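Heads up, the next two complexes both have subunit A, just with different partners, subunit B and then subunit C.
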Partner chain A sequence: MKLHLLEPHHGRLNTVIQRTPAELKLGGGLVIITLTVMLPAPATVWLWCATAILGLVVLLSRLPLLFLLQRLLLLAPFVLGVTLVNAFQPAYRAHWCWLVARSVLCLLTVLLVSNTTPFSEVLRVLRRVRVPTLLITTLALMHRYLFVLVEEAERMRRARAGRTFTARRRWQWPVLAGVAGQLFIRASERAERIYAAMCARGLK
Partner chain B sequence: MDSASVAQSVDPIMHIPDGFIDGKTVVVTATLSAIGVGLALNRVHHTFPARKIPMLGLAAAFLFAAQMLNFPVVAGTSGHLIGGVLVAALLGPSAAVVVVTTVLIVQCFLFQDGGVLALGANIFNMAILGAGGGWVIFRCVAALLRGTRGRITAVAFAAWLSTVLAAAGCAAQLAWSGKVDWKSAFTAMVGVHLLIGLGEGLISALVFAAIQRTRPELMQTGPSAEPHTRWGEFAFFGLLAAVGLALFVAPLACPWPDGLAVVAEKLGFALAATPPMLPVLAPEYSFPGIHSAALATAVAGAVGCLIVFALALLLACVLVPKRTEHPSATSAPP
Partner chain C sequence: MNPPPAIEVQNLRYRYHDGTEALGGVSFRIEPGECVGLLGPNGSGKSTLLLHLNGILPDEPGANGTVRVNGALLSRANLEAIRRQVGLVFQDPDDQLFCPTVAEDVAFGPQQLGLVGSEVKHRVQRALVQVGLPDFDQRTPHHLSHGEKRRVCLAGVLACEPSILVFDEPTSDLDPRGRREFKALLRQIPATKVIATHDLELVVELCRRVIVLDRGVIVADGLTRVVLDDEPLMLAHGLEKPHILFHRHPH
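== the complex of A and B ==
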């Protein structure tokens, strides 16, 4: 889906922004988002301030602009949906620009933070602020096996195509559901192997 | 998988971005979600065997990977699994709430699907209403109809209803924040998700049946695997979903002279009380002979539920032939 957009920019560059401690980046991002969301409607000064800060970060982090634009466009479905509903109602139209500006700023903030901070660092910060261990373990495992399972799904799709199950549209759903079911079974088998491996490496 | 079909994939538009819900909604939804997820984590911690803990992360990764399988609908569009109810039926409600919450956090941070401050709202809609509430519906139907058929019916019906509930929750939160008009948001969101829910119900039931066929021992929902402590979860998630929905929807849907306008005025918005110019998308719910609008909506909703329930039952009968029904129903795996 959007996985190919993610890979190339993680931790590859080494600039001031990437070296900043994760606590600072996450905290700063949260402050910017909170202010942007909570300030009442005509907070133009703040919008310009935030834009300036984020622009500076973009320059310093040397993330490719094209990549950022591409990611920003992924916001489109929801914003367009609400636009369509709002466009027919004059009372809400005035709010529209403000709403879009806010959403885009918040999105850009998360985008910048997530593309300059490795996920393991984020988990470390979460652990520091006392998020329950179970949730952190689950997050770490999910992030680790996300790519593995997506590749597994892709292999299964290719195998199915290789065995010519491409034929009639009517019968595609049960076949696809079979693939999804098989994916779940493989995931649970993998989970058992992971647990065995963790025990072998001295868990508890 | 291939980029052409990805572009046309019908994404359920339910991940609320930042900036679309206001302060009070953020606080209320975050509180409700924190209570729900906190209890779910606690339940998992105390009742889940240690060897199954890695399954939580793997199930979350599975949900993410399964959402990339595109199910073709018509004319080049396709839908995909959402999966809250499916995971709840397979792993139990508390685990499902944790799994869906994890997916939402990763989607928010790595893929910017849904906002940071809106995370509470998204978790409430999709994890607590979608997975936890969906599981409550699943249990009710599964208690009503026994055996494999009953469970497949329950998965299909619960997946449909919980998708619609989550859409209603999303619309209500947007309207509560004064960002969209309640009527048009409700009609648009619920109207679209009535259809998306049908797809979700069908996919969930097909996947559930496929797993049931190949590895019946993976199923957690048999009567033997049902400790009585589940009643606590049943009551808790049912209650939380009901309280949340009532909290968001009641002030909007109540028939008194514009309760929302009063609230909005007090909170400093001046944008209530404009008649919607958008012609209502779905035909106005009404039944001949019933004059109260609320009652008519309720009756229409009940009839819709009955129709989908019948469809789910039909699907289960098609998926599980009579011959295989009885052995698996009577002799549950020990």
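== the complex of A and C ==
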């Protein structure tokens, strides 16, 4: 797993986009995504408008293009994979292109918002618009421990690779399943310890 | 009248769900202001004992032996009051740092105490200054070094202003500089301290008294230099006489 692909880019840059209030960025992002998803095909005018807005944001935020492209490619299969079958049917090809355009615009919006806004700011806005506390806590914990879990998986992968002398695929699958199980057990044990640490500091 | 002992443990027993006996009747008392080292091989019950000191274990307080903190018997009813007095610093800092930013994490304890606004901010800033990380408030925990994470954990506990601090392996995984700095930090804190560790030099430098635990029972309790100087005892319980005690005049 490439840990750096999960890392946000903010912190090092300080442009007008990074300085824009989180409320505005999250609200704007939501409007762009909602319109892109809801407008009936082919909303060509809107697609061009959204592309222009996002292009301008990319320029102003000074986020490297390669940085954004890498993450787009990483995320795209989750959305496009489902509809891949349409690409091979001539009757649905236009529909496929429309889907690709919409998906890329939505993903780009999410990437731009998340890479120009610190996560704690996102949580602050969610708190302000009265999103249920339980959901916010879950999001905060997920974000915090995502990196810990990925690092744990990476350590296990290295330990496995260090003792893998032959690369027989037939053997790899059960080992991989074992690693996934181990990771699950470790995550649940960690959850117990985190809860204990919370209680130790007076969680009610 | 003398003040009550900071911690008084009597005949504490604990058995894990799988039947393994972790503590087999442990009794000791720690006076206010003492700094006590808790030694023992892996699996001797040190961490289990520490978890009993602020009521995380057992699931039913008081069922097997008693724990008194500043004279008050630990029970389900006064769990909250006890946790205000006993701050626990865990071995793995990633277990303890669960908030998106350092400031939010340090603020967690004070907020649970019911504090709000400027008082929380004041405590967070004071705790971060105390651990030597005054400008770390907006940093994310996963970008910190191991030593910095440890110190933020300590700040999170100090922000609750406990009178007793309990540490589980505070210097494990730290580089020599990190160890030295954390040791200096521990020395500055005036609270009653219980430190479970394998770092014998830390114990010699900071603790006047040690308790040695093996297989869930106390096998030695006394002055650090006397207990740690007893080589046969140390070797019998998976420990060793620390290097520092071989030199009468440490260089």
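Throughout what follows, the second predicted complex is superposed on the first by the 162 of 204 C-alpha atoms of A that agree within 3 Å, B and C clash if a C-alpha of one lies under 4 Å from a C-alpha of the other, contacts with A are read in each partner's own complex, and residues count from 1 in each chain.
By our rule, a contact is a pair of C-beta atoms (placed from the backbone, for glycine too) under 8 Å apart; a residue touches a chain by one contact, two chains touch by 3 or more.
Everything quoted here is computed from the prediction, not taken from an experiment.
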| item | value |
| --- | --- |
| Partner chain(s) touched by A:Pro42 [first = subunit B, second = subunit C, both, neither] | neither |
| Partner chain(s) touched by A:Phe119 [first = subunit B, second = subunit C, both, neither] | both |
| Which of subunit B and subunit C A:Ile194 touches, first, second, both or neither | both |
| Partner chain(s) touched by A:Arg157 [first = subunit B, second = subunit C, both, neither] | first |
| Partner chain(s) touched by A:Gly202 [first = subunit B, second = subunit C, both, neither] | second |
| Subunit A: partner with more touched residues, subunit B or subunit C | B |
| Subunit B versus subunit C as contact partner of A:Leu141, first or second or both or neither | both |
| Shared contact residues on subunit A - subunit B and subunit C | 119, 140-141, 143-145, 148, 190, 194, 198, 204 |
| Residue numbers on subunit C that touch subunit A, as the complex places them | 51, 54, 56, 80, 83-84, 87-88, 90, 92, 94-101, 104, 108-109, 112-113, 138, 140-142, 156-157, 160 |
| For the subunit A and subunit B complex, residues of the former touching the latter | 1-2, 6, 29-30, 33-34, 36-38, 40, 71, 74-75, 77-79, 81-82, 85-86, 88-92, 95, 99, 102-103, 105-107, 110-111, 114, 119, 122, 132, 134-135, 137-146, 148-150, 152-154, 157, 169, 172-174, 176-185, 187-188, 190-192, 194-195, 198, 204 |
| Touching residues on subunit A, where the partner in the complex is subunit C | 118-120, 123, 140-141, 143-145, 147-148, 190, 193-194, 196-204 |
| Residue ranges of subunit B in contact with subunit A within the complex | 1, 6, 9, 11, 13, 15-20, 22-23, 26, 37-38, 41, 44-45, 50-62, 64-69, 71-72, 81, 90, 98-99, 101-103, 105-106, 108-112, 115-117, 174, 179-181, 184-185, 188, 202-203, 206-211, 213-215, 218, 268, 271, 274, 276-278 |
